[in-house]
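Every chain is named by a letter (A, B, C and D) in the order it is written, and numbering of its residues begins at 1.
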Amino acid sequence: MFDELHEECGVFGAYRVSSAAALSYYGLHALQHRGQEGCGIAVSDGKNISCQKGKGLISEVFNEESLSKFNGDIAVGHVRYTTAGGNTIENVQPFLSVSHKGTLALVHNGQIVNAKELRCKMEDEGSIFQGTSDSEIVLHLIQRQKGSLLEKIQKTAQMMEGAFAILVMSENSIYAVRDKYGLRPLSYAKVQDGYCISSETCAYDVIAGTDIVDIKPGEIVKFSDGKVEHFSYTNDIKHCLCAMEYIYFSRPDSTLDGINVHLFRKKSGVLLAEYDKDLEADIVIGVPDSSISAASGYAEARRLPYEMGLIKNRYVARTFIQPTQELRDRGVRMKLSAIRSIVENKRIVLIDDSIVRGTTSKRIVRLLKEAGALEVHMRIASPMICSPCFYGVDTSTKEELIASRMNVDELKEYIQADSLKFLNVEDLCKIKGGTGLCTACFDKQYPTELYSYKKIVE
Amino acid sequence: MFDELHEECGVFGAYRVSSAAALSYYGLHALQHRGQEGCGIAVSDGKNISCQKGKGLISEVFNEESLSKFNGDIAVGHVRYTTAGGNTIENVQPFLSVSHKGTLALVHNGQIVNAKELRCKMEDEGSIFQGTSDSEIVLHLIQRQKGSLLEKIQKTAQMMEGAFAILVMSENSIYAVRDKYGLRPLSYAKVQDGYCISSETCAYDVIAGTDIVDIKPGEIVKFSDGKVEHFSYTNDIKHCLCAMEYIYFSRPDSTLDGINVHLFRKKSGVLLAEYDKDLEADIVIGVPDSSISAASGYAEARRLPYEMGLIKNRYVARTFIQPTQELRDRGVRMKLSAIRSIVENKRIVLIDDSIVRGTTSKRIVRLLKEAGALEVHMRIASPMICSPCFYGVDTSTKEELIASRMNVDELKEYIQADSLKFLNVEDLCKIKGGTGLCTACFDKQYPTELYSYKKIVE
Amino acid sequence: MFDELHEECGVFGAYRVSSAAALSYYGLHALQHRGQEGCGIAVSDGKNISCQKGKGLISEVFNEESLSKFNGDIAVGHVRYTTAGGNTIENVQPFLSVSHKGTLALVHNGQIVNAKELRCKMEDEGSIFQGTSDSEIVLHLIQRQKGSLLEKIQKTAQMMEGAFAILVMSENSIYAVRDKYGLRPLSYAKVQDGYCISSETCAYDVIAGTDIVDIKPGEIVKFSDGKVEHFSYTNDIKHCLCAMEYIYFSRPDSTLDGINVHLFRKKSGVLLAEYDKDLEADIVIGVPDSSISAASGYAEARRLPYEMGLIKNRYVARTFIQPTQELRDRGVRMKLSAIRSIVENKRIVLIDDSIVRGTTSKRIVRLLKEAGALEVHMRIASPMICSPCFYGVDTSTKEELIASRMNVDELKEYIQADSLKFLNVEDLCKIKGGTGLCTACFDKQYPTELYSYKKIVE
Amino acid sequence: MFDELHEECGVFGAYRVSSAAALSYYGLHALQHRGQEGCGIAVSDGKNISCQKGKGLISEVFNEESLSKFNGDIAVGHVRYTTAGGNTIENVQPFLSVSHKGTLALVHNGQIVNAKELRCKMEDEGSIFQGTSDSEIVLHLIQRQKGSLLEKIQKTAQMMEGAFAILVMSENSIYAVRDKYGLRPLSYAKVQDGYCISSETCAYDVIAGTDIVDIKPGEIVKFSDGKVEHFSYTNDIKHCLCAMEYIYFSRPDSTLDGINVHLFRKKSGVLLAEYDKDLEADIVIGVPDSSISAASGYAEARRLPYEMGLIKNRYVARTFIQPTQELRDRGVRMKLSAIRSIVENKRIVLIDDSIVRGTTSKRIVRLLKEAGALEVHMRIASPMICSPCFYGVDTSTKEELIASRMNVDELKEYIQADSLKFLNVEDLCKIKGGTGLCTACFDKQYPTELYSYKKIVE
């Protein structure tokens, strides 16, 4: 799967560290792969919360001048890919609630399945919403509860069904909340004399974080008065981290709920290799960047040479003009190139992490064949995606999913591969072991109620 | 060598193809790795030449609107990295000469060693120069010669000493010129019913070019009246393509003077492996992206597992703030991450393509050790760089080259590797075979006179 | 008063006209003098409301492409100067309320005096506010009322105290609301087969509006089902349009509540002339642009030549560097120049519309004296501003008002004029005749309760 | 004439003043009306010359940061309107010549009539030109002469025919050159302990310049070694400053060759009044901004009230969309508005400074009639423009000039005025007195040879 599926968000927080805004900049930069369409940071100096956000990459929205003005040792930040709600500035996070009782800043990764129902009710009671993002309801819910901020957040977390890794910042505290299924990853680490919270552990590397702790499903972690306290808001826990986090979204150097992403992927390649004991092939090629780990696992298991037969162009440019009919459908060539001297006259096992629409797979197979490949055997390090995700992944309609229209044989014909195999759901779950994975997009086993989304699935 | 050395330019031309400007956009995008600081395209519609250029990436300087206004079926374009002459708009190519006899547009990759001498003489005779780029003298030389445009270019090529891959475009022709040493690569291919000319063959892939022909050292290829004609301007040929083109600059899917870059690099890894018959190690890691080929060659030769122990961040951001002392010197972490689960408790052979200043090498070794590596044995797929290049590579002072200050042992200590070896010059030359390589930066065997640069070397 | 006082807003609406967004662009351009820091337009195509806004001038925020995408025949727009609430994108209007019952878009010119009290109450009841603008409360109030949209707006208007000219747009209607004091102007006109609503009548000129109708204080005008209906929401009417609208803010070609702005100003000059029966002078000069009308009235009344002794630079540039001590305090010279040949050896009556901080007046007097003026008699076409405005004019602190620190004699010394006179409040009111003017900034006769602002005045 | 005719340039220089770049910024800002399409400043610190330029206003191209980096006490700058040569960055001045003998920077206002001939000759001799501007030849000519820099400039000035006000800056001197007809204005003044040179005297006001000296036709003024020296390069002097400088281009507060621009214009109004002894009218209106002076002269002479019946919108916006047929042809309304209360039921004398294409005049007459004017008698404070200018004014084709197609009666009908009169050439010349004016665009009396332009006139 090459640039077809998108995660929508990454969150980052910094508590009692010097230059919290600058640290958040570095942390969010490490999370940039989770969202490139917008980003923002809110900083508290203990008295006031200021916020800056914009469309684009973290390096486009912030510069030295803007960060240096951002004083404070507490911060939360967000990188966003646009799923629910359009790509308008109103939907870029952090969201702020400015009230005479104080200011709250919120960042959210995930998707609230019953957002529509909660929102309608609040609208009827007089609440106003600026944008269309489901994240916007969280602050409204908090504002409407009674009690301490912790109690308000507990009650809010109990009311929401779906995927959420949320940070709520007040002037002098941060609350980190993870949904009871643990659908999205969230952890914290020791940084300087304080703490940082992050969607993925790869962010701690650049800011020298140590002593990493996973926040558990159903947990609220409160950073306040220099201390860390863990609270649970429910006992109804069912741990099932999104399988796609391992398969595609997260960075290979991240470790999610105790399992390193690279190792997970490598293992998926090893399991794929077991399906192919008799397949004769010369080399193994992975689609860069996310399928390299699985490909090396497959190659090692089958004792085949792993080769860099496809290379990715580092520079992004739009394909806005197709000068001739001949060049139509060849946009993928701006992003990927085959190395003829590697692939020519070879029987190739091509590993990709997933197939969504199938069009890119078809183009990559053709790219290899035109560069002289004799055979292209495609192996996908995940099951067929046949059902939409309602927990924060950008596959909201069934129609876009090629697996909802074709079976494996038809798909093999469509992409013109010599053979095609997918990883089984059972094998996928075996890799994680212990507590489970959310595999709803492969087998429709949605862990939550679906509310208004139910009719899409049926 | 991770982001320490820079090539300055890539050139592209299109002759008698539809939408020549759009095609040049795609061609230059494929050459973007050769220069990111400026770019430009000049297009001829047969009567007039128009030109657009600017600072930044090809995708930043051009858009659909600007390209669609650019009518014509002949074009030349350029991507630039700033070496000689500062990064000012005056130095961005193509250069134009607008005269009552017609307009010429010029693009140049390389460096003219006797530019200063030629320029002084012309200034004394009344010529005026806008910028400081050595490329600017070429048009002046052409303008001052007598005869047909071909003759003028022949005489100009004879007067210039140094590295040059040059395209000169008139309203209805293109002349491609390569210096007599062939220091910079240049080739052309059939595209549609016309031709494209490019610094590297990787550009032909995206525009469906076929029948690739290398332009020979000392050759002028004239594209005019729908024909291609080859002329030579000298018999004093001494073929020695810049070794760094294979080692670092060019894309692995390019083939230069008949040899594929990826295969060259893989072979360099194989040769390095021969130095290490007895070294005990667990895994081989290459510094991404340019050292992956060499690393896989080494791994294969030594039957060691090749592992993706370092991953590169796709998103570029500036390291403008170093929030704490602790983070100082850790800028490399924004660009590279080690995967702990791969490197922990491993004896690692780390392959890099070259060492320039040594600082990055030192940081990568530390990165691996902090991620738990037991040993890091560094192998460099090129000889020590000990002398500056005057042919278009950005190493103009000896002082910057760590190899001019340290021997291998001292360097090993400096970068804190457990062992360090470089490829021999002899082995390097063996890979190319046949005609030679320019290895002046390794052994000071400069193929040309050095003129005013002579004192730098001594 | 030269660039010292600022109005904060202008509103514009278009109902059932073709290309409503484009028409709003032209209307807002004519209102640009009322606010230059941000602007926006929301358009309804009968089903959906879309909105675009940004910081800067209308010509900077919108272009042909963005307007052409904006389909619909109903629109509301806003130009903003930053007073209450900072210059952040959150405070730029229109504000949108997106609900399952439909979307509302709101634009507001004025200031709600009891905004703080209303907001606190709503926050306690669970409402969330994004920005700091007092305009944001209006949508919240509407959302919380029961009944039809008209009833909701009526109830909301009854709850708010202060200055407001408000447009509320639903998918297929516009409601125009004016506060019961008529502090800010608002009118509508026939355009094509529909209607346009505008803060000032000058907007109708460019869009060919006819049959202009002033919206009365305490009135709601509903544009729906192709009809116009007038409703009143209160009987407690006390008409007192802001005097500054006539004196400074509005364009001379606008007619507010039946009185043309140019004629008002000219009359103010005539009345000033009556104070000066015996003053010997050679010429009359007005400070461009807003004092020209008053100056010509004075000159005519006293049968003195009106001369263009000061000219204004059309090009705006920042005065960021003061190269020498000598140039300090001379920033005004970038904006205004004296014509020596006119002012040299003359006794001058200099007419300005108002004095706020006094610094500019002092500089203009010096400018004229340095250009050779023998005497400068300053006449101000309004009373002394001695108290802040809470109805939408940018004079929120007493300290900034020079008249709160000096009497007329002291002020005359400070600005180094040979004499200084202000228009009386009585004379000012005489010009308007009939229903009154709000003169609170001159005489502290605030027409409304002041709530939390009360302590500022005391 | 409302925005129909354009001057192409203004030049400014600073010699031995502190913060020369900042001073040039202020000086060029005062000259901004002479050109808005591009600008640049070159500064010398005594050793090196650095240069910054760009498209747009001086306030868009420069900012505090860029100016503060610009060290040196000598500078030359330029504002440009695009006439000869397109609006490309290559044509933006200053032009630099970088040579081993030193750097020269050049700025030029005017047009060289024999540029083409001089350029062809130099091209044949091997010179290369980057752009299409005629100004570019000057540096080439200087470079090719022998002797001291003064001698080179003298010889160059002798070779060029046409209009030129030129500044040439070396590392430590400035040479100011004015053509032998004095077609474009040029003067210098004492500023601090050094000097500034400017196209118009209005620039000295903002930088506290004193002791203004006009540079004479045929003169070179050398600023070097802290001294000012005057040299003449020819005895063939024929003083005839461009009449349009007085009529339209220059700022009213400038004094050109001893005559103040405002007074010149006022006198033109007085002379126009003499043609109208019996015309019955109620009020006099001038088209803002440039016709106000003439209108006030006319009004005074005829003892009619001068009224501000037209006001100009300060904010510029493009008229890119014409929403309805009705609005077509009404673009002028975005820029000018009539005040109905002034013009209604009035017989109006409308003063404009000139007529070029006639379309704007037609629209203004209609604007006034639609606002209720009974009669509109148009009076033009200059003769009919019937022939193109080759000295730097943007009227290069005869076809654009309405006076080349219509006589006064036809033009009156076309613009639908009730009567129309132009100032006579004789009366125009009378205002200046003494040495003459260039009136070639009115009477084809071109002071210079026309070379290749001759055929346009015939």
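The criterion applied here is as follows: contacts are C-beta pairs under 8 Å (C-beta built on N, C-alpha and C of every residue); 3 or more make two chains touch, one makes a residue touch a chain.
This is a predicted model, so every value here is computed, not measured.
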Between chain B and chain C, the fewest touch steps amount to 2
Of all chains, the one whose CA centroid lies most distant from that of chain C is B
Chain A and chain C: spacing of chain centres that average the CA atoms, whole Å: 49
Give, as an integer number of Å, the spacing between the C-alpha centres of chain D and chain A. 61
Distance between chain A and chain B based on Cα centroids, please, to the nearest Å. 36
I need the residues of chain A touching at least two other chains; which ones are they? none
Which of line, ring, star, complete and other names the graph you get from chains that touch? ring
Can you name every pair of chains that touch? A-B, A-C, B-D, C-D
Can you list the chain B residues touching chain D in their complex? 89, 95-101, 119-120, 122-123, 125-132, 139-140, 143-144
Quick check: in the complex, which residue numbers of chain A touch chain B? 17-19, 22-23, 25-26, 29-30, 32-33, 36, 57-59, 63-64, 67-68, 192, 202, 205-208, 251-253, 255, 260, 262-263, 289, 292-293, 296, 300, 305-308, 311, 313-318, 320-321, 323-324, 326-327, 330, 333-334, 337-342
